[in-house]
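What follows is a set of structures for review.
Shared between the two complexes below is subunit A, which has subunit B as its partner in the first and subunit C in the second.
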Partner chain A sequence: MTPGMFDLLGFGPQGWGLPLLQAAGITISAALCGFLLGSVFGIGGATLKLARSPVLRLIGQAYTTIFRGVPEILVVYLFYFGGSVVLTTLLNTGGFPGFYSLPSFVMGVFAVGIVSGAYQAEVYRSAYLRLDRGQIEAGASCGMSKFLLLRRIIGPQTLRFALPALGNIWQSALKETSLLSVIGLTELLRQAGTAAGSTRQPLLFYAVAAAMFLVIGRMTGAVLGRMENHLAKPWRR
Partner chain B sequence: MDREGPRRTVSRHPLLLQIFLIYYGLGQIAPLRHSALWPFLREPYWCAILALALNTSAYTAEIIRGAVQAVPAHEIEAGRACGMSGFLLRRRIIWPIALRQGLAVYGSEAILMIKATSLASIITLTELTGIAHKLISSTYRVFEIFIVTGAIYLALTFLMSTAFALFERQLHAHHAHRRA
Partner chain C sequence: MASVNRSVVAHNTPAVPAISVNDLHKRYGTVEVLKGIDFRAHDGEVVSILGASGSGKSTFLRCLNLLELPSAGRLQIFGEKVNLRPSGSNLRIGDRNQVDRLRTQVAMVFQNFCLWSHMTVLENLMEAPVHVQRRSRGQVRDEAEAMLKRVGLIDRAKAYPAQLSGGQQQRAAIARALVMKPRVLLFDEPTSALDPELVGEVLKVMRDLAAEGRTMLIVTHEMAFARDVSSRIVFLEQGRINAEGLPQELFRGGVSERFDQFIARFNQG
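Coming up: the complex of A and B.
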């Protein structure tokens, strides 16, 4: 007897429900780690691009141009293969012969993070430029230190201006995690592929994966929308 | 909100998933396998083109809608006052102005398309990224290959954006005196 659609998607012995949900969890955690790492790179990149020194500005510009202009999958290959080459060379010279590689999750998160960071750098930069200079001067004349200024005035307002665009970047980070399937990470797309291969039902499983991506995107989008409203509250009239 | 519907649904799906859905999924539909379209849909090349076209058409529809809606009402009224209507109004007033306004956004969509072609390598199409991947896995000279391939992509996107900028400048030729 061939199993029906609900047997295939359910949680029974023939069901792919649990593996697919676990894979969705990996997709979400890879996207989240990548996005958070990207915000570190993004803030760094924005700081470089806003620096006074032309050399630092050039470095920032090169970072955002290269990683926004090169296909994401190439960056994934760079980190996955490049990471193991660097690690192997380092360990071999340190007296540990053999071949080493890093888990695909770690390298994938780095790849998603560095691409996401290039886009986030542009967002943070333009959000910072939208700040009211007078407020920074007012804070400084109240005797706030640089760190206090950053925490009380620059940080919250930059975040408020940046949040709508960050929502879009989050969505593309979520989509980019599907590329990690090519380096062997069992995220949603790869798990759907495995299920499609063993049941010969590619249409069903890829459609289910598409629906799951859509649901994840919608739900996280709703959370971001709430955050946006929350941060905009003090300025609403 | 509703008008945003199609673009949002497509844009939230990873392109790679769409490619797989077409390349692996369509073969499951028996009538399609026996149709005249099958010789095309069997080939990774045509599947990639179909996925890319579907993916970009959703964005392009949004760009066109935005550009047409942004045509100022007074320009259309002026056209009507001169006695134009229907096709003539569109050909002389609405389409040229919409083209001018939508071109910049369409240019960045075209650049995204250049980057998106790299995913076709996953379904065995040996384009630029496919060859880079082959070279990397056979030689493990990751950094050299990344630099060369990345430079080719950057050159392509640079050429594309320059071409769009030139075309845009030509369309705005009547504003040239303002630029100086």
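Coming up: the complex of A and C.
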């Protein structure tokens, strides 16, 4: 007797429920780590793009142009295989023969982060440009140091202006993690593919994967929406 | 110096001026906006700084809080020489900590209020005392609330700036300056951004401050206020002090031709 849909998706001996949930956990962690790493790159990129020095501005510009222009899957390949080649070469010359590969989760997060950061840089830059210079001056005139200004005034207000657009970038990062299946990370898409292959039920498993992406996206989107609302409250009359 | 029209011959000079400026210059590129200002303000003085648009009033006031760095000259605040180092043809800050410390002593009130929009009125007031002056939060809160009572905004303590009228925002901004317990208050056209019907409430607060003997430097276009409230008027013209003196004497006319023209033009509207 062939197992029914509920058996296939359940947690029984023939069920793929647990692997799929674990894969969803990997997807969420990779997206979250990638996005957070991306905000570090993004803030760095925005700082470069806003720098007074033309050289620094050019570096920032190059970063965002390159990583927004190159197909993401290529970035994933470049980091994963490029990183492995570099590592292998280093270890081989250091007297350790063989081929070494990097952990796909780490390299995948790195790839998602650097691409997400390129998009985030633009968002942080334009959010910063929306700040009221007078309020920053008011802070300085009260004796606030650069760091205090950043922490108490520039940071919170930039975040408030950036948050709506960051929400979109988060959704992209979440979807991009599916590309990490190509470097062997058992995230949602790859796990669905494995299940589809072994049960010959591709439609079912890919549809389930799609539904899970949607649910994760909607749930995290709702959280971000609430944050956005909360931070925008002071600006409402 | 010789060209300054003075209506007061001498005043009894107390020991240390609150603010003392010697030969202050400010250049933007090749344009010299301040062309050698000599100025002193003593404790308890209310000095109105008048002048046509572009005469350098804001630039001068902002130099006193070091929001603008002078290109040349000396600045002393309560007898303490501000450490400015030559850098090319300009000056730069020599001691960051000194500047940050002095800034809490010389508080600035801006034309556009510049309250921090992500903080409530009360949070705006508490920000610098807690985070810059590192005073205890509880004590600062009490003082901030007392200050809000004073400017008539205690019922708006939890409101955000965007929810206040311009007049309320400016009163909150004045309160924000006051809780730092500054020794000098700088005002740069505090009522210029207000609807006419809101000007009075802000001027009233400023009158009260003047009456209690605060040291205030006020850039303003409110001539009646300047005449009634100031202990001294400084008239800037094209980056220089053209005339200086008691309001009643300057406004009587005949001290400076340029000042008389300025007032005449002003009265024509």
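The rule is simple: the second predicted complex is superposed on the first by the 237 of 237 C-alpha atoms of A that agree within 3 Å, B and C clash if a C-alpha of one lies under 4 Å from a C-alpha of the other, contacts with A are read in each partner's own complex, and residues count from 1 in each chain.
Note that in this section a contact is a pair of C-beta atoms (placed from the backbone, for glycine too) under 8 Å apart; a residue touches a chain by one contact, two chains touch by 3 or more.
In this text the structure is predicted, and so the values were computed from the model without any measurement.
Asker: Please work out whether A:Ala138 is in contact with subunit B alone, subunit C alone, both, or neither, and reply first, second, both or neither.
Answerer: A:Ala138 sits against subunit C, while subunit B stays out of touch.
Asker: Identify which of subunit B and subunit C touches the larger number of residues of subunit A.
Answerer: After superposing on chain A, more of subunit A is contacted by B.
Asker: For A:Arg57, decide between first (touching subunit B), second (touching subunit C), both and neither.
Answerer: The answer is neither, since A:Arg57 touches no partner chain.
Asker: Give one of first, second, both or neither to describe whether A:Ile66 is in contact with subunit B, with subunit C, with both, or with none.
Answerer: The first partner, subunit B, only.
Asker: Which partner chains sit in contact with A:Trp235 here, subunit B, subunit C, both or neither? Use first/second/both/neither.
Answerer: In the superposed model, A:Trp235 contacts subunit C only, not subunit B.
Asker: When the two structures are overlaid on chain A, which partner does A:Ala196 contact: first (subunit B), second (subunit C), both, or neither?
Answerer: Once the two structures are laid over each other on A, A:Ala196 reaches subunit B alone.
Asker: Check whether A:Pro156 is in contact with subunit B, with subunit C, with both or with neither, and answer first, second, both or neither.
Answerer: After superposition on chain A, A:Pro156 lies in contact with subunit C alone.
Asker: Where on subunit A do the contacts from subunit B and from subunit C line up?
Answerer: Touching subunit B and subunit C on subunit A: no residues.
Asker: Could you list, by residue number, the parts of subunit A that touch subunit C in their complex?
Answerer: Interface residues on the subunit A side: 132, 134-135, 137-145, 148, 152-153, 156-157, 160, 231, 233-237.
Asker: Residue numbers of subunit A touching subunit B in their complex, please.
Answerer: Against subunit B, the touching part of subunit A is residues 65-66, 69-74, 77-78, 81-82, 85, 171, 174-176, 178-179, 181-182, 189, 193, 196, 200-203, 206-207, 209-210, 213-214, 217-218.
Asker: Once bound in the complex, which stretches of subunit B touch subunit A?
Answerer: Answer in residue numbers: 9, 11-18, 20-21, 24-29, 115-119, 121-122, 129, 132-133, 136-137, 140, 142-143, 146, 149-150, 153-154, 157.
Asker: Using the touch definition up top, name the residues of subunit C that touch subunit A in the complex.
Answerer: Per the stated touch rule, the residues are 65, 67, 96, 99-104, 107-108, 110, 112, 114-120, 127-128, 131-133, 160-163, 173, 180.
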